[in-house]
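In the two assemblies presented below, chain A is common to both, partnered first by chain B and then by chain C.
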Partner chain A sequence: MSGLSSNSGIESPALLGVRNLTVDFCTDAGIVTAVDHISFDLHAGEIVALVGESGCGKSTTALALLRLIANPPGRIASGEVRFRGKDLLQVSEAEIRQIRGNHIAMIFQDPMTSLNPVYTIGRQLGEPLELHKGLHGGARLEKSLALLESVNIPEPRQRRQCYPHQFSGGMQQRVMIAMGMSCDPDIIIADEPTTALDVTIQAQLLELLQAQVAHHGTALLLITHNLGVVARYADRVNVMYFGRIVESASADEIFAAPRHPYTVGLLRCVPRFDGPTGQMLRPIEGQPPDALNPLRGCPFHPRCPVAFDLCRKEEPMLTQVGDNHESACWLNARG
Partner chain B sequence: MRSRELAIVHAVDGVDLDIRRGETLGLVGESGCGKSTLGRAILQLVRPTAGEVRFDGIELTILGETELRPLRRRMQMVFQDPFGSLNPRMTVGEAVAEPMFVHRLANSSESRGRVAELFRTVGLNPDMLDRFPHEFSGGQRQRIGIARALAAEPDFIVCDEPVSALDVSIQAQIVNLLEALRDRLGLTYLFVAHDLAVVRHLSDRIAVMYLGQIVEIAPKLSLYASPLHPYTRALLSAAPVPDRAVESRRQRTLLQGEVPSPLHPPNGCRLHPRCHLAQARCAIEQPMMREIRPGHHAACHFAG
Partner chain C sequence: MSEVVRVAPIPPGRSRSARLALLRAVFQHRLASVGLGIIAVLCFIAVFAPLLAPYSPYDQDLYKVLAPPSAAHWLGTDNLGRDLFSRLLYGARVSLFVGIVSSALSAALGVAIGLVAGFNGGVIDAIIMRVTDAFLCFPPLIFILAMSAALGPGLQNVMLSFALFGWTGFARITRGQVLQIRELPFIEAARAIGMSPYWIMRRHILPNAVAPILVAITITVGTAILIETGVSFLGLGVQPPTASWGKELRIGFTYLETAPLFSLAPGLMISLAVVAFNFVGDGLRDALDPRLRGAGLVRR
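And then the complex of A and B:
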């Protein structure tokens, strides 16, 4: 993979640099490579989207960055995650624990299972503050209240004594966002943060995250399957298919001039509520390949409308196709 | 003795709706607004507490189970969850044949050929009909669910979030299938979904629900081009469009707060605690549905 060339046009050094990250899972049926040599960068104040459909490896990528892959069955087979001059895949367990939640925070998709049902909201929110910031007593309380207020939870003083089940899904996810922001992290990784929620609540929460990025220079890795969310919020987009990044570009470029046939197909098959009506949708035919029986050649070729001989034989690497724009497709080489 | 009811939730409250033959009516709203319950109440899967449902001129709510059965054949449902709605211990061929036996549409010797035909109709290979549900992907299972609904030879199908559990590339396949079947078989759909774009694509008219009530109903072009109810506007504004150029220009009106509990819906207009247009009157007086443009109805004091 031409990982090192990614984002080469941006001058400022990356806050987080992922290189050739590979994650395997051992299953009864054999070894499955869920993430296959992916590379990308995150810069301060930037929202980078990792887009793809279920099973493409985007959530596994997020977990691997913080070494949260359960081993066994999972294993980070290779790669490097550079943060503040260190490779997070090599640092000690104690060091990574100092980084998790403190410098790099994670917001998961399902707030109902991420919050502990037997502790109050206030206690859970206070934990990272005590652990990473050394706040106790009144100082911790004050910071907790400020955080709840910042995510628009009304009456924070009363609410902090509630248990998670007393909150709606949207409010629980607000608490998760407050916890994520509690230690002023450099990076927030948000894995489908609003997928379980309704659109009106989704919009409220994404505006909160966007404000955090804008006002504090946090970098946000936004993992989503929703292309509308990507269009509205992302600065840069990495499209994943079958464990690989198949296209990487600025959000403007991805929507204006997508180069990989998978990206083109994805954008084309989503119905819109603002365009002309009356046409049939144009789906991507077929199904993603079976991870246990990887194909020869490009993993997208059985579904690709423009595949030719070479695509069935050899897998294309990510190559530069424009300013800050990479795509893994043999057609790019043909020009 | 007092009944053991702790509280009554009016999941669907005072809804008036017509679906014309051959029409697709879209029903949108957020989770818990009562859209699925309304779909089920129309099919008499949930018996309404009050009100009537007429199907082809026949009042359903007063019929007993035996009298309902021949009508049930004509009204089928496609469910959201392609994993939960198929019996894991039945082959998919058996699952599709079952409605034919229940409604005596085929005997066992005829059914196999008919099932194979249905498989082809929904784009599945008939060689697979002796397999079990776990051998199929989500998209394929949804095709099986559609074949099962078609097996009863219905006139009317309630599609309850039929594509929301699927990936976008697969969603488009199923939406196209539902569209082709409707045109070919002359079906009438109630299409229940929260995805505004999918609903617009398939529907002729669209009803918007909030907290158990319909707040706006209109032909699709009129609804999306000029929504009248503040809730519909907020819903459209909150849903992002997969187009960077459009998104960078769009204005957003966000609703405040969360949906209140249906156990204690607000007085007056149910949206008023979250509505930026709300005035004193909205907290007291429930707005009636009014026809503001031809065929375009909305329940807001300030619409039009």
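And then the complex of A and C:
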């Protein structure tokens, strides 16, 4: 895939290399391809954002990386997820369990339901430590307290005896982050970590994650539909549409010089301080295509303001459009 | 870092241990505390029957057959002149023992089968569920009677027959719980930290499924007591001269017109025990819901 070319421009070898990942879901109405041949890389100490509207396959991608797609109905149809010289899609069930939570941690969207209501915070926080580091008793307690402290939970000694329902959403998500960081993973996948929380808490949590990346060289795959978050925290952005990556570039590039009409459309949907005053927000008209009856050509063409004949006939591939910048649009090919 | 860390106050008066909190919640539930009180008294009676009973339950006094209540015999005597009060005290042993053991047996069997069905799904699940459906076609008493008759009279066989029928309810409850809980996000989160399916089952699914199972156990104790009564009433189960409430009820039934207390008293004991277990089941159901726990929310 063309996805290889740009990312290999960065010196260090990728920590996680995703190639041609495809995920299908078998529904009663037919097979739906939720993620369609996507490729991207994740480097140590880097925050990579996966952006797109609801249902574009962001979360499915995240789950597929750890083979957490429920099967049936889901199925990883093809692709490769390279991590430490192994293809995570091929390793045994026991091996992937060793990697989950230990080397690659995941933080979910809704902290209120991601914690088991019958156990105390402390006990749940200790689970990955027990599972992967073999910590028990005092050592585990000590580490859990340190973790709670590191995510700014005051009075950790008392708090660890609380049940999840006694915590606010923000505190619960901080516990989830602490759990994610507990085994010092190489990669954290955060699936819309702040979507369920109010805006004032969002920055706190993202800063926690950012600090982890900065201090431990963890790679963060940040899945979000919030472009504000992307602008502030991400190093690199992959824009997803209809299960495909349609544009990939550094965060600065994406905001300064978006090359795909979909990205341009997305950016027009959010208010900007640096834009001309009095500019109206413009939503992208229409809906994404029906996944059961995929269109011919570019999946964005029915909604695209600049679509032309070729767009209706053939689907464009990701191609290099600048330094470390790729876009899947025929306009770029035309120059 | 962010200075404005939002802190929810630590709820006051939280007890250290979850079990203590649970007990407190049950006691806060009025009906449940009444039920627990009755059960405590019944257990006390069962354990200390030899000390509490004024007479031996087996001593016959054929000159005082079917005597009305008096200072010597508080509830009168039965058809063989045995002290009815003493026999009721001893009868508590049989009823409680049968009730608790048979519901525990059914629960152990049913929960294990339900977990297997719910967790594996597919063909195994389908087979197990069709078997439970088949069991549900039988009226319980008829099934247990037939089983007891086939196995022969005796208390163990009543309990065994009860468990062989009673597991189906527990299997269905457990399976339903497993199906519901295994789709919850925290199960996915547990998978994402690398937990194996077995541990997820044990540590995350079972503890969340336990509330309705515990409630079912307490209510099943009541049912088991009733079934034992029925089976004894019909002549299987406890054999004479052992005292059991069901047996007393049966014999007293013959003398309903001349000595109403003979059947009324054991009948009342049975009702009392069954109601008590049902009250506790109710209380447990509320108390086991962690969202309702504490704060005295469950005040009924």
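As a working rule, the second predicted complex is superposed on the first by the 324 of 335 C-alpha atoms of A that agree within 3 Å, B and C clash if a C-alpha of one lies under 4 Å from a C-alpha of the other, contacts with A are read in each partner's own complex, and residues count from 1 in each chain.
What we mean here is this: contacts are C-beta pairs under 8 Å (C-beta built on N, C-alpha and C of every residue); 3 or more make two chains touch, one makes a residue touch a chain.
The structure displayed is predicted, hence computed values, not measured ones.
Trainee: Examine A:Leu310 and indicate which partner it touches, taking first as chain B and second as chain C; both and neither are also allowed.
Mentor: In the superposition, A:Leu310 touches no partner, neither chain B nor chain C.
Trainee: With both complexes superposed on chain A, which partner does A:Val32 reach: first (chain B), second (chain C), both or neither?
Mentor: Touch partners of A:Val32: none, neither chain B nor chain C.
Trainee: Looking at the overlay, what does A:Ala203 touch: chain B (first), chain C (second), both, or neither?
Mentor: Both: A:Ala203 reaches chain B and chain C.
Trainee: For A:Ala211, is the partner it touches chain B (first), chain C (second), both, or none of the two (neither)?
Mentor: The answer is second: A:Ala211 touches chain C but not chain B.
Trainee: Given the touch rule stated above, what does A:Ala231 touch, chain B (first), chain C (second), both, or neither?
Mentor: Only chain B; A:Ala231 stays clear of chain C.
Trainee: So, does A:Leu131 touch the first partner chain B, the second partner chain C, both, or neither?
Mentor: second
Trainee: Pick one for A:Met171: touches chain B only (first), chain C only (second), both, or neither.
Mentor: The answer is both, since A:Met171 touches chain B and chain C.
Trainee: Going by the contact rule set out at the top, does A:Ala251 touch chain B (first), chain C (second), both, or neither?
Mentor: first
Trainee: Under the stated touch criterion, which partner chain does A:Leu145 make contact with: chain B (first), chain C (second), both, or neither?
Mentor: neither
Trainee: What residues on chain A does chain C touch that chain B touches too?
Mentor: 154, 168, 170-171, 200-201, 203-204, 207
Trainee: Enumerate the contact residues on chain A facing chain C in the complex.
Mentor: 66, 68, 96-102, 105-106, 108, 110, 113-120, 127-128, 131-132, 152, 154-155, 158-159, 161-163, 165-168, 170-171, 176, 179, 200-201, 203-204, 207-208, 211
Trainee: Could you list, by residue number, the parts of chain A that touch chain B in their complex?
Mentor: 53-54, 154, 168, 170-171, 198-204, 207, 225-233, 251-252, 254-256, 265-267, 269-274, 277, 280-285, 287
Trainee: Quick one: in the complex, what on chain B touches chain A?
Mentor: The contact residues of chain B facing chain A are 30-31, 137, 139, 167-173, 175-176, 179, 194, 196-198, 200-201, 220-221, 224, 234-247, 252, 254-255, 257-259.
Trainee: Which residues, counting only chain C, touch chain A once they are in their complex?
Mentor: 1-2, 4-8, 10-11, 14, 16, 18, 184-186, 188-196, 203-204, 207-208, 290-291, 293
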